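Two complexes, one shared chain (subunit A), two partners (subunit B, subunit C).
So, the complex of A and B:
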């Protein structure tokens, strides 16, 4: 059974259609990159899955349970976590407080301390800056904090929206390496928005190419990088 | 500055700060300016006396000993606010901030009319804790005992609230929600819990203001929340909408400025005290339209 299933999903903002009749499934433990030009509907797709944006129609399932129609907090409580576009860390809270916000819903109190140790090991800078205000972190550190914060909810599925945005190439590589390492450690299912097929190919995974609110191609990230299908999508050759 | 004046400024500013906090707490989590806050205060005042339209007020709950009365009135204030949220603001959860604000006006008018029906429109004399009016000698100043208690209570309340916001789970969730409510929800924070919590705290703070107002003035009036609500609202704007410390600072500042002007202005200018006061408010807003302490969450996200 698919871990995450999207069926005929549509998202509209007023008259503007962001996503039209989009379907795909993700198996447990899979790493799926979603790519495509600006305005293709990538962020709308993730926001709809996380319940931050209401779908016009369609169905979203996790482990066979229907998520669409539930609120963002109910979806988070079922084990789906979001690292949103622009990170959206709580700048006025400390690093440790940011990590603690998402643990309130957990019943496995004992495991929370272990998870904190896990994210501190993966991102030692967060341990160093635990008492510092999160707003004082650099962009790369804020991205690490956003990923760590999502992990602290003990998710089964994690959505990550453009983790590379605005970061130096070296930092991007570090963020991806840690993210993939944590995925292996926790058996996470990952859906990542990433513009660059080269960056996706570096860590490997499946890639969906979106354009105009639809999926126009589905394949292996390395193949996308090699064939440079993305260029065609940007300049209108693919569809 | 005389010691007497310092106590006046602290007591008045402290009450304004508590009232402003009640508004800022709710604005922080749901971007609602709750104009019914003044009526929450009035309802807590009238909860002290037995409902009747007679001119003479008979103390009901107000006759209870203070250790019972204070927590009880605080709970009534909190309960009223939580009930108002559940009945009025929860069905409007996805409405625009303007619609919410109009909703709070409507709630305020409804509450005021409920009080008019139950208690009549005439102000009533209420003698609550009359013994606290006696003066105490503090250094060179002779200060009413009530004023000292008010100042102490304000300090205790502010400290307790600060600790609650820093140390408790609900406090953490409220601070996170105040910065980015959707993000907090995506981390599993229950919006109903956070919003109810903010309303409960706000209602309890309204009850504190009610107790102080009655003890100070000895009057219960259906309209009595309105004036302080106006000052408190101005304080939240000057402090920076949504900033709790800003609301406290601005509340204290406005109260202190009011007391200073009262004492410092020449006698013929004294009737225009509020004009000077609000002129100062306009000046502050001209130079800092976002308020003195614009909160983190109100900044545009990059």
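So, the complex of A and C:
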């Protein structure tokens, strides 16, 4: 059974169609990149899955349970967590507060302490700056904090919206290293929006190419780099 | 790491203690001056601390400005009056009261608790609707709530006495009684702020989308804070009634709303200490200016500010604070003991 299933999903903002009858499934432990030009509907897709944007129609399932129609916080409680675009950390709270704030809903208090240790081990800088105000962190550190915060809610599926946005290439490398490491450690299912197909190819995984609110290609990220699919997706034609 | 966390928690716990000591010093200083007017000013200031700290529980943590909290003061004041006034007085002043309340002759303490309790209940019911709105829409709805309460109180004459004042309340509120309530409010506010719910609420203030993505139910945490907040505004209203001895719906309307907001803005909405310090600073400034308006004798000559200059000076001071210190006097910081005092050993800071 698919871990995450999207069936005939449509998202509209007024008359504008951001996502048009889109379907795909993700298996457990898979790493899926979503790429495509600006306005392809990548962020709308993630927001709709996470419940931050209401879908016009369609069905979203995780482990066979229907998520569509639930509020964002209810979806997060069921184990689907989103790292929003632009990080959106709680700048006025400390790093530690950012990490613990989402754990209030968890009943496994002992596991929370273990998870905190896990993210501190993965991101030592967060341990170092635990008492600092989150707004004082650098962009890369904030991205790591946003990922760590999402992990603290103990998700089964994690959606990450453009983790490389506004970061230096070296920092992006580090963010992806840690993300993949944590995925292996926790058996996470990852869906990542990534503009750079070269980056996705280097990290490795499946890639969905979006254009005009639809998926125009679906395959291995490393193969994409070799073929002309990207050019087609950006400049017209169909895959 | 864990020990750092413990130290942080212990430091945070010193905040209500220090604030209580500051207020205690304030009361002692006021009483030491031996001036009855100053003692009264101290009591009134501490009642306002109770109300503004209550107000902060919601506004400070949620980031949603409320214009409706004066109404909770109104409810608390009248509930306490209904329960404590002598039955024969109520029969003439407020003939419309239901039998049970008309016959009530409660002690002042349970009556103050009931005042806060009824205000909290009203907050729970109205908040259930108001807090589903977000941002400015919620603020406007709280203003509508204030106007509704005022209109009902001004016109439901058989029960509230209408626009004419209800008189004869037992004036039991000394600076010490007011201090007790203020310290209670500060303690509960500090406990709430450091609780999981308080933290979750501050996260929604920082970023609603990210908070929802972290599984935080904004509505539930807001409603809890709103209810708790109303309790202390209601209790503060009851104290105010028993301090002045006379209550009137307009005493809990626009001027009180703006006074509470001004105190919170001047002290700084970002911290509990800001709420307390804002009340102290503004109350002391008003007292000084009122005295200067009356005139100060220096030798043979008397100097006096022209009447009305108190309002103008305060307004200018507020504008200056907003320009030069937009986060308020405390700028979001709390008064707390330094880490090394709490830890009992030298610890590197940050």
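Brief remarks follow.
By our rule, the second predicted complex is superposed on the first by the 235 of 239 C-alpha atoms of A that agree within 3 Å, B and C clash if a C-alpha of one lies under 4 Å from a C-alpha of the other, contacts with A are read in each partner's own complex, and residues count from 1 in each chain.
The rule is short, and it goes like this: a residue touches a chain if its C-beta (ideal position, glycine included) is under 8 Å from a C-beta of that chain, and two chains touch if they have at least 3 such contacts.
These numbers were taken from a predicted model, which means no experiment stands behind them.
Once the two complexes are overlaid through subunit A, subunit B and subunit C clash, as defined at the top of the document.
Of the two partner chains placed by the overlay, neither subunit B nor subunit C lies in contact with A:198. By the touch criterion stated above, A:120 is placed in contact with subunit C alone, subunit B being left untouched.
Here subunit B and subunit C are compared by how many residues of subunit A each touches, and C touches more.
Residue contacts after overlaying the shared chain place A:96 against subunit C, while subunit B stays out of touching range. Once the two complexes are laid over each other on the shared chain, residue contacts for A:131 go to subunit C alone; subunit B is not touched. Residue contacts after overlaying the shared chain place A:153 against subunit B and subunit C alike. Within the superposed three-chain model, A:77 lies in touch with subunit B and with subunit C [touch as defined at top]. Residues 50-52, 71-73, 76-77, 81-82, 84, 88, 90-93, 97, 100-102, 104-105, 149-150, 153 of subunit A touch subunit B in one complex and subunit C in the other.
Across the complex, subunit B meets subunit A through its residues 169, 172-173, 175-176, 179-180, 182-191, 295-297, 301-302.
Interface residues of subunit C, counted against subunit A in their complex, comprise 1, 4-5, 8, 196-197, 199-200, 202-203, 205-207, 209-218, 270, 332, 350. Only residues 50-52, 71-73, 76-77, 81-84, 88-93, 96-98, 100-102, 104-105, 120, 127, 130-132, 146, 149-150, 153 of subunit A touch subunit C when the two sit together in their complex. Interface of subunit A with subunit B (complex): residues 50-52, 71-73, 75-77, 81-82, 84, 86, 88, 90-93, 97, 100-102, 104-105, 135, 149-150, 153.
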